[in-house]
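The structure appears right after this line, and notes come after that.
Chain IDs A, B, C, D and E follow the sequence of writing; residue 1 opens each chain.
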């Protein structure tokens, strides 16, 4: 039943894209995007950071596509056909996908099942130099992918996996061209990848810009821009200034404070979205924060509403528990993170375990948007309940995690890469996680109750949604009580752009520049 | 004998104090501003109306007084966390001044000591010290400092050491040259011929006579040190939150150039006025203390 | 008459203070082929007089009165550019510091050739040839090669020769030699003096020879003007001056020369020191040091009459050596 | 009686420029084998042109700069090492006065302080300072002044006074009056002579001015390119110099008497570069009497009955 | 020839010291894998990369192999994107050279004439005006000037691009920012040097020859006065490189300075080292060029003569 519905939806989506009017010919505009940073590699399996997926999303396609705009919000997680026209479950470990025919790569060759198999099998991925395992984490359950015929492939998982389709729509499941990858080798390919996406590599000047040009034979229709240039402009003011002076068409990563500025210009506008990502604090199991009560007090003392209001203009939210509303098994009635300084003081007074020792909060500079501002505000909140927190901004993560220097709190962010705890909660906090196995200094590891880790196994392997949800709720309770960390809020991502550009952001860092989401002139979705 | 080798202007030690009353306007203004900065350096904590790091999230980015929406509670407005800009400016100026004074003094003491040593010992000492001077001069120190701070991680000790190492070679070179020429001519030679020990020659005769050019060098170096500190802090590598310095404030304010230009412009202006005042004073002192060095 | 200075006065402006007059009413004249020596102690105004004549006064200085007549034409009355053109054509100077007086980054030949071109308007090539000829004329061996060298490659004496070559470029009619040999060793000095004398007679130049060395005056000059504190104290033929100075200052100067003393005895001296130019006493400037002073001297400035500007000159023809020392003590 | 000062075969060279990678720096022999003696109460005049080494010599004999080889004895004892305590004590007995009086005084200290300084250094009674000031004919009021307020002659008096406070036995006068005007020159020369008569000091009087040396010296030594070429009692020297260079030097002096005009200046050319002295007799390129022997062989300083000269051809030329 | 060899030798020693210093300071400052690899990479991965980047060997061995590689012209591989580090750096050189060259040109073309004018008309209103502007010019912090320019020309007037390097319009503000302080300094040095030269006896000689003002200034004074200015120029190259980092950051100018800040932030040792060596080399080379120009301008500079700063 479900399967048939999906096929139907996929077909509808396809017909919709086909119906879209072809864009103008040679007078298509060149689009310039000012980005905070450029990636070092465009090999999607290796480089999965924000700055990379922003670009690779325009160069590759996945077999199944997550339609963020299904409800117009940019946060939807509806699955629609991508390179695969349709898919069916053969059993709870096998998924068969039928490829779209006539899809061409940037080099003109046709997409076949060989390319798909290569993209996910030993030639790449796990088999080929699998060391940087950004992708590995999301392929955890996948055993292998096998061809059936030229246009059919099967994805097989090691264990039953209810989220296989979601995984295929997620990070890194982008299909590359088999032969050119092998001829060029990974490093060269990472500089000039060959995918099926709407734009292909034109020129890459390190530290300056990456220019993509239209892949006119794109299966989803002729791209609406002649070229897309991602220009590296690390400074916010420079991005805005460039936008104002007309150099850029879109500027990413605009802090909330600047929104009124952008809106002050007639020809500019902002597009905002709250990301599927949560800014967190990690409380190390070391020094004063080895006491659960101190950790709880730290969390209780934070006035998240005020932080959001002041720093983010009240435009974002704090999840209730380690989950998002878009989760398939969202626990709607789960209690929100509590702000209760009174209770914090009380806990500290009762536990008799804290006497004003210095609690060190180390944070890397320029890593998370507004993290330094939030830290300084929280320092004052903590001071008010009697927690003596020192801020130590440092250059980089190795200084944060320096085993020889004291550290009790560090910032973090959890991206919800699948609408499910296995997309974030389990890998980030579970028994395999770095939190429970601190590589720098084992004593800092969170000593999670055994029950917590047992519940995780259930969440991963159970195929019964109710059992999973129950286990999830209990795990969340333990997590909240133990407080190895806490959540602050989901950041707001703001794009500033020319008013006449029609484009919507997604809850992940993808910039979708496909014809259906990029228009010039009188924007239909404006 | 070049103009540089000549001893400094004779015995006019206190003349400049006497002429204080008829200073050029620019010089008086500059001196006034520097005195103000020194006052702030000493009393920043006393005169600040708020704690410089007191966060008030409900009063963020209020503009400074002449602008619409300003309040007298925060005459210079507040920053992105609602902290009082005036208080921050005081503390920032204090930090920058202290660091620059410390850095300048460290560099001067080290350079002058090494310069004396090189001139006095001669031979291998001289060669080694001058090789160090050449080495220091050949390194783009600002850039090295940047790398060290970023890689070693920033601590106050490292930062101060780097500031102290900045510019020492100029003092060393100048001191060595001055001592060598002073020693080889006239009064120093004469006093030595009278049977004085080197200590007497150096302390009683040479040092007072070369003090002029050295003080002038100090005034040249000081603004540079301020710029050094503020530039590094501006790039986020020097003083960092929760501490603040003028460069750090400016760097922070840069992101709000469009909606709150004063966050960057006010500290920038203070830096500019400080270096300007110091340069004006330095130029004037140079004419007073060491006409041969006039530039 | 080739040249005459008539009542020449020079003023120098000083910041925040009154101007000073280092030269006050100096008059003398000079015929072609003659040497006039301007003699006096440092600060007496002899160099400033030269600079005024040559039109080289410092920026703050100016001729405040009198006339400078070259061939009867008054340089002070002419428009500035015409006066400078006249000077350029007819007048040149040699100064004490020859090495400093030559541009260190230009070759000797270039500098001499430049003078030739500026004075005569010759082509570059002609000027170059003329420069080499002049360098040979002043006694530089191998002038072709020397012309390509730079001042730092020359000795002090060679540089002074080059300066003289530069000065005689374009055959000037009046040469001002301002302490031109003072920095040189005696053996060199003698040779340079010979060279100047030789050039003077062969080119028919008038020479104004400025020096503080009375020995040189005796050896080179035809006429002498002794200056003191910006004025001419005595003006005489060289033989007359040395035989019988009339002004007590001139007499004192000559007496203090070791050559004119009995061996082993004390030297005659002039008591006191030269007054600073901005604090001259009223009346005769020499009065405070003068053995022949009277009340009149302190009030009335003596005019130059019969060769001496003194109210109480020594009688003419009286041999200086016979003046007894007590008159000066 | 032993000589107060005796120098034997003194040599001193300086480096010219910096050495190259493959070449040693050239050295310049400022003083090259000079021997001389000076008795108590005597004045030895050292004359020569610039670069002849006379100033270097004056510093060597005082031990103010170390010599490379040779021997200096003062009052029979060799000079102690420079900077040692003995050396410092010896300063009391030997002093230097040189041309640049303004430079020899610290511009920042008062005259009084500076005159008293040697007394402070050597723990001597401070009253001597006043006495010294009086001795050189300066009023006590001068003590409060600073050097820039004094004239050149007065400064030179101050320098002499400062040296006098130590009551030295030897004064080296290096061009003490060259920078002064004629009338002031005479004052200082008189002062120097008066002091010698009063105190019996020995003078090493270094000057380029032959007439002043003629006036003050007992004996005269002529230096040329680092070497003494002639040494003689004054009268003998000025009446009949032996060495061709001495003759040229004397002939070149401008006599302040117009009656002597018309003497031809000695045409002896420009002096050679002191850093690269000629071979053989150093004077030979400028000597009108030079022979092949002069080009090759350096003449020794030979004795000619109470006077010495270094020339191969003295016998022939004096005939 | 000896002195050139000697200069080269000194330069080599200095270079050697610089790169040794840079090597050890950077190596001793922490583990690059912690920065370059994702936060949650396992230990084995870290070891793999440590081995790949040669960070596992003892420091001394790292140093010798680094030197050996350098001698073969191998600056190592950029940790970040696996490209030859030298290539990464070299690609940026033209941009910085363009910026620095324009700034120097501005400094010379504006600073020298103004300095000459101020000296020739010393103590006049012209002199005072020029010198006042100069004091303002070099007291103005680079980053502040840059920000003001952006504020005015990009944000308010919207006439000039605030960042990037595509067209000549991009060059205006960065070059002006970098050149202003420099021009002010050159003006001051030129003035003082000219004043010094104008008082020299040979200027009087030129006057006595009858040379006019223009001729005296251009033919006699300027060739002499430019000698110390050139020396200063050489010394200031290092200072300018420092300022270039700031300027490039302010204007997002994609040159060496920006590369340095980003390489430093990501601990790309090979690239940082390569930049340091390149910069030190530039400074040493600049000083040698200055020496050559010096010798060309001033015939007095001879064997072993050492330029006075």
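The rule is simple: a contact is a pair of C-beta atoms (placed from the backbone, for glycine too) under 8 Å apart; a residue touches a chain by one contact, two chains touch by 3 or more.
What you see is a predicted model; the values in this text were computed from it and never measured.
Think of each touching pair as a link: the shortest run of links from chain A to chain D has 2 of them. In terms of Cα centroid distance from the overall Cα mean, chain E ranks first. Counting C-beta pairs in contact across A-E and across C-E shows that the higher total falls to A-E.
One finds 31 Å separating the Cα centroids of chain C and chain D. Distance between chain centres (mean CA atoms), chain B to chain C: 52 Å. With centres set at the average Cα position, the gap from chain A to chain C is 93 Å. Rounded to whole angstrom units, the spacing between the C-alpha centres of chain B and chain D is 49. With touch defined as above, residues shared between interfaces to two or more other chains in chain B number as follows: 150-151, 153, 254, 257-258.
Shown for chain E are the residues that touch two or more other chains, namely 30, 150, 155, 249-250, 265, 267.
Residue positions of chain C touching 2 or more other chains: none.
Contact residues of chain B toward chain A in the complex are 53-55, 57-58, 60-61, 80-82, 149-151, 153-154, 236, 240-242, 254-259. The touching residues of chain C, counted against chain D in their complex, run 41-42, 155, 157-158, 185-191, 193-194, 212-219, 238-239, 242, 252-254, 256-261, 263-264, 266-270, 273-274.
By the touch criterion stated above, chain A contacts chain E in their complex at residues 40-41, 131-134, 187, 190-191, 205-208, 231-235, 237-239, 241-242, 244-247, 366, 395-399, 401-402, 433-434, 439. Every residue of chain E that touches chain B in the complex is listed here, in rising order: 10, 13-15, 17-18, 21-22, 25-26, 28-30, 132, 135-136, 138-144, 147-148, 150-151, 155, 188-189, 191-192, 195-196, 235, 238-239, 241-243, 245-246, 249-250, 260-261, 264-265, 267, 272, 275-276, 279-280, 283-284, 287, 308-309. Put simply, chain D touches chain B in their complex at residues 62, 64, 83, 88-92, 95-96, 100, 102-109, 117-118, 121-122, 146-148, 159, 162, 166.
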